[in-house]
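Mind having a look at this structure? Questions to follow.
Just so it is clear, A, B, C, D, E and F label the chains in written order, and each chain counts residues from 1 on its own.
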Amino acid sequence: MSPAPPIAPPRHIVAEAVARALAEDLGRRGDITSDAVIEPGAAGRWEIAARARGVIAGLDCARETFAALDPAISFDPSCDDGWHVEPGQTVACLAGPVRAVLAGERTALNFLGHLSGIASLTARYVALTSGTRAHIVCTRKTTPGLRALEKYAVAAGGGRNHRFGLDDAVLIKDNHVAAAGGISRAVAAARAHAGHMTRIEVEVDSIAGLEEALAAGAGIVLLDNMSIAELDEAVRVADGRAVLEASGGVSEQTCAAIAATGVDLISVGRLTHSAPALDLGLDAVG
Amino acid sequence: MSPAPPIAPPRHIVAEAVARALAEDLGRRGDITSDAVIEPGAAGRWEIAARARGVIAGLDCARETFAALDPAISFDPSCDDGWHVEPGQTVACLAGPVRAVLAGERTALNFLGHLSGIASLTARYVALTSGTRAHIVCTRKTTPGLRALEKYAVAAGGGRNHRFGLDDAVLIKDNHVAAAGGISRAVAAARAHAGHMTRIEVEVDSIAGLEEALAAGAGIVLLDNMSIAELDEAVRVADGRAVLEASGGVSEQTCAAIAATGVDLISVGRLTHSAPALDLGLDAVG
Amino acid sequence: MSPAPPIAPPRHIVAEAVARALAEDLGRRGDITSDAVIEPGAAGRWEIAARARGVIAGLDCARETFAALDPAISFDPSCDDGWHVEPGQTVACLAGPVRAVLAGERTALNFLGHLSGIASLTARYVALTSGTRAHIVCTRKTTPGLRALEKYAVAAGGGRNHRFGLDDAVLIKDNHVAAAGGISRAVAAARAHAGHMTRIEVEVDSIAGLEEALAAGAGIVLLDNMSIAELDEAVRVADGRAVLEASGGVSEQTCAAIAATGVDLISVGRLTHSAPALDLGLDAVG
Amino acid sequence: MSPAPPIAPPRHIVAEAVARALAEDLGRRGDITSDAVIEPGAAGRWEIAARARGVIAGLDCARETFAALDPAISFDPSCDDGWHVEPGQTVACLAGPVRAVLAGERTALNFLGHLSGIASLTARYVALTSGTRAHIVCTRKTTPGLRALEKYAVAAGGGRNHRFGLDDAVLIKDNHVAAAGGISRAVAAARAHAGHMTRIEVEVDSIAGLEEALAAGAGIVLLDNMSIAELDEAVRVADGRAVLEASGGVSEQTCAAIAATGVDLISVGRLTHSAPALDLGLDAVG
Amino acid sequence: MSPAPPIAPPRHIVAEAVARALAEDLGRRGDITSDAVIEPGAAGRWEIAARARGVIAGLDCARETFAALDPAISFDPSCDDGWHVEPGQTVACLAGPVRAVLAGERTALNFLGHLSGIASLTARYVALTSGTRAHIVCTRKTTPGLRALEKYAVAAGGGRNHRFGLDDAVLIKDNHVAAAGGISRAVAAARAHAGHMTRIEVEVDSIAGLEEALAAGAGIVLLDNMSIAELDEAVRVADGRAVLEASGGVSEQTCAAIAATGVDLISVGRLTHSAPALDLGLDAVG
Amino acid sequence: MSPAPPIAPPRHIVAEAVARALAEDLGRRGDITSDAVIEPGAAGRWEIAARARGVIAGLDCARETFAALDPAISFDPSCDDGWHVEPGQTVACLAGPVRAVLAGERTALNFLGHLSGIASLTARYVALTSGTRAHIVCTRKTTPGLRALEKYAVAAGGGRNHRFGLDDAVLIKDNHVAAAGGISRAVAAARAHAGHMTRIEVEVDSIAGLEEALAAGAGIVLLDNMSIAELDEAVRVADGRAVLEASGGVSEQTCAAIAATGVDLISVGRLTHSAPALDLGLDAVG
């Protein structure tokens, strides 16, 4: 089972996130325990293995962590980001200087565990949409400083990405509509400002709002916190004239029913703000 | 109910984390939706309110977010970090330019939600130790780039902090012991290197290991993945000669029983790697 | 004559560009001429005035330059970004410490001259489209390190913005089409990857290519280096089914004729890569 | 025809400028078009060729751009900075992964086009001084953030560099003279402060000023906006006692006549603030 | 004579310090003397030699300096940090491009001279404690921006490190005691806040203070500015119940006598704030 | 006695040096001792006083340190940089929050002590040149990362500055002469490259070298390690045709005699690489 890995974030984003995390862990003195106790020349071999079922994401971050500490460390993944793993399954093999591997262990595992946790939760939601047209998408509710990596992890789990920030797409929410004096005026203002390469989405919380948005020519409509019945009605009303995104409090309990309504997208904040880490460990071998 | 707020991390750590998060969200163009739709001079009032029960942490990050966007925004917390809140309870009041507040809303809530999530989970574990001598402590299993803030959130939830990185204390683990040729030699090597201001802890996974550690003069011993029976025995064996830390797979199901054994510390990785965000929202008022 | 100023880039982008430029000019010692020759307490008044006809852009950069050197400098613009000015017209008035104003003079004028030069050239192109549906847009052919500010200057001149980078919209060019095995397959691949909030544009260099792009559902088509006759034909063929962008070697000689074909957008690289600076000067007053 | 390449700016300046430009173009997601459409393993060959006559500058920036994206890209220049090229002439050959080359194409060309534009314009001015003692020099009117690279491009075009910032040489202008109470006092103050390794130049706008400057011992005198007749007179008056720099509104129309007066230096602001980019393209080969 | 080298600071700390120092020395143009005078391809060989007796520290900084300028430079140390050298003794051999070596010479020697100066002074103090139980430790009186490297140099000279900053250990001084209302209360407050991995030291200036500190359970006591007689008394009073640190105005004249009192640690501020540089030079060979 | 303060380095250089030093001292947790022991609202008053005779430099760094920690701290210097102080003399008065003042105490004193140490040593050398034409100048032998501040401290002590880096002036040394094939050729090469705003100095170690340098038109000549007799001869030979700098192993023992020879400049490396810190303390008042 080996899906193509998702497309990685720019190298400098990985490099900067890893450098920051290492600086945070190494502080002013580095790994004083290993430096005191391990011989400088000692070498070893290790495996990173899953301790729970999940989907892997973050191998580039782990590789970069060890490379930043010592280029003499070899890091050989046994799988790609996006692969499903079982408890006990090897994720990557390492060999090299003991001091440097131990100094990087926690940082590498923190990246892998955090991003794999997001990929794993995403995959569970994606599975719940099986047989429907719905795609699972993430939101801007990400951990501060890690957005690009977390969006990547969502893709590794089979999800799709919503906008990456406030600047790459327009999303008109209720307060914008109120300030603009109606959906039509808000859409027109956005269109005048945004440029032809920027998409515009409008949030509505009622069928009346949806109809107004469609009349305003909105190509994407976010249906906020609607019931299944309302979503059914929205799909019927839109009739293919707009991309429909269901949003608001989506859970593993409600996801399949939402997907069955025929919406195009289901956005799930908890993919990035509340995914538990995937349990992974690094163990010496041989 | 108003405990003293925990001691905040250095200002520059808050400022840098916020600047990074804002840059990530604003990108190259800023909040193009609000800029297109909201009048430049428009002003308003908002409340940040809890939508679930929990413990607040991260008010400084929220304040800094809005201040970085526009010093004209006023940010008045209704509580301090460390306070327990109920659903619907106001956490902070804001007033100022609409554009800037909306531009900062998501970043501020991402900080507050993430850190309050950690504080809230910590508080649940702390409650489970009530009436015992045990303190809940966090680990180095933190989200990359946010360690100082997450350690602070643990303190806001009533927990205590373990070491902050590889450099500020020694923690001798099984691989160190193996490399050094025994616990006594590892402790001696650490003592020779670390300096008089650095504490030394030793991880053991058996009563025999504990006895060796005590004989080596280890002042703090981490009891790794021991059963309740083993922990009982360890407490009896140590008899006050060392600080004892129970660690490994601690859950809300097992925490109270572990605390009842008489250990001094219970370290819980999931406080920082798997805490779900606390749900908070920003709503216009008046 | 006072159009609304265009929407400014994020504050931190202005602040970082100014800090970098000041560091570059001040070096390790600062303004050694003024420091040697001007009394520490000396104060004065100045005006920044246009020495040629043009459109102003970059007042925020100038304000930030002086503020970074000494908050005691007052900077009062007499116009807004986007205003047309005549030779001799005052752009801003300054008052404050002589040393700091002279230290910032060149940096402030470098920003103002560069960005106003772009705005001025843009305005000339925009004027050439008068009475047509065509908008002038810029490209990614920007000066390294100044993209957000230069895109802003284009808006100040009445132009619109194309995508801001490789990541916020898809633009399928000839080499992408060749690699994908045709326009339809390239568009499909882009759609699968990009997400619902990302727009997709396809570059074609023939009417046949345009027809293939329309058939593939491309909502925006870049017509590369087409003759006026071909553009006429393209507008007729597309018949409103896609946004049409004329691109390639557009000059002030050809712009009006291109606009008259009925295309929606005309992209002009030289707005940002070859605009001469607007001549501005700072003179003492009183 | 292959002049020695000019001396390059420090490596870290090239590296930082390139990193900043790439970050600006790649944003949070990288080249989403190429990533979606091009196979990960696809490789190719390209040429960068001139599309207009000019002088090349910036090859190090182009090399660094591709190296930063993927060390597997080979970059082989066919010429050096400072070479004159004709339309169609190959400037460099590239081979390597398609995705990375396309991701770097625009950034590399933006550097090459901008810096070669400066070198090309400089070369035109230099040619106008042929047979005279005059050297063409640039000013501090540079694009913010790119001064060191632009000064280098001037040298690649055969020009010479004036001071690099406010701190590495003294240039006493009219306002300094006014503040100091005369040229002699300004020169004396500068000499007392600047140190023996710092040169001092004085700006004058009349023959009387020149005579005062010479009497004050000024070794370099900037003749501001003087007519050809005044410059002739200045050269006669100075009679070799000072280096003379003609400055102010120098154009390709006036440059030769200014050079013929016998001044030592002609400074031209537009070399760096108004040079149009040299047109260059990257095309697949084979 | 070759002691094991002390454990190096994290690589990124060395890299950042070197990058900053090189940027400071190379400025905007690099080594204009060597660039003007030395042929681009010229290569050579050099030795770095001691010109005075001392202890070497900082070889990693020197290596990094040359590597950052040109990876083609080979840098082969003839000794390790921590070695005692005599005047004329070779410390390292270099070979490679002349321009790059000369460009890095001063920066590399500045690091080596400064850090070796600290190591050398430390070694002199350490020698004065010979035959006693006392260790020489440094303080936080370090040169701004170089603390980690200077602490390392102290270790290279045979000294030990005190805390690295305000955050990795508690040191309760007189003003803290006054604010807390007594030593016992201060110690209790520190214990409640600091966490089990953080050591606590208390400063006292009298035997009464020492007794109060011991009673409060302080494990480490700083004896501030005590006379030899007081130190004798303090050692007698403490009787092994606490680690004792003598501090305050320790000189090479007084150090041996202090060590003879039986204290465990002698802290010496001048190791890092007043050590003269070790004289080293780089000379061409062959 | 209050000389005018020397001209300060650019604000951002002070700000960056202070931010770096504070980050280094505060680490991840800040001042855990004061935070644990001092009440949040506690305020106080302090004086910074000299504990030895010397010359003050670095007040801006101290002010910036406290301002960065808490704008509520007032910092009122009792003198200016460049003033001579006696033991016990107050240098500055502080008032404000106890926690923040104690957190900044060491960093502020480290700057003040280090820079005042340099100023003080400089002043001693300057005094030794009294009645002669000689000025004391510093070298590039500065502490890595602090060059601009240390050059400023030399000026505060009454010295003058040599070049600030490799890029702002040419200094042709023996290896350059050897590589160029003689002094004349080296000077010619430097002149061709450096530009009219860059000064050129030549190092010689013999009267013959001096004569060659004078013949080559060198305006500044560094006399390396010459005896007093040689210096006398050099002054006689040069006869005012060049600025003469005596350099090499200058000590307080030899400085006056060197100055008496009539050289213009005496450069002293130890001003910046070996000056002991000036002893200063911060004490609570009232």
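Observations
Please note the rule applied: a contact is a pair of C-beta atoms (placed from the backbone, for glycine too) under 8 Å apart; a residue touches a chain by one contact, two chains touch by 3 or more.
Keep in mind that what you see is a predicted model, and the values were worked out from it rather than measured.
Shared contact partners of subunit E and subunit F are A, B, C, D.
By number of C-beta pairs in contact, A-E leads when A-E and A-F are compared. Rotation angle for the C-alpha superposition of subunit A on subunit C: 180 degrees, rounded in steps of 5. Residues touching across the subunit B-subunit C interface largely differ between the two copies, under half of the numbers being common to both.
The distance from the centre of subunit C to the centre of subunit F, with each centre set as the mean of the Cα atoms, comes to 45 Å.
In this assembly, the C-alpha centroid of subunit A lies 22 Å from the C-alpha centroid of subunit B. Looking at subunit A, residues 7, 24, 26-30, 32, 35-36, 147-148, 161, 164-165, 167-168, 171, 193, 198 sit in touch with two or more other chains. Arrangement of the chains shown, judged by which pairs touch: all-to-all, with no pair of chains left without contact.
Residue ranges of subunit D in contact with subunit F, taken from their complex: 7, 137, 160-164, 167-169, 171, 193, 195-199, 201, 220, 243, 245, 264-265. In the complex of the two chains, the subunit A residues touching subunit F come out as 24, 27-28. Chain contact summary for the complex, subunit E toward subunit F: residues 17-18, 20-21, 24-39, 42, 61, 98, 102-103, 106-107, 109-111, 113-114, 117, 140-148, 164-168, 170-173, 175-176, 179-180, 186, 189-190, 192-194, 198, 270, 273-274, 276-277, 284.
Against subunit C, the residues of subunit B that register as touching in their complex are 19, 22-23, 26-30, 32, 35-36, 68-69.
Listed in rising order, the residues of subunit D touching subunit E in the complex are 7-13, 147-148, 151, 164-165, 168.
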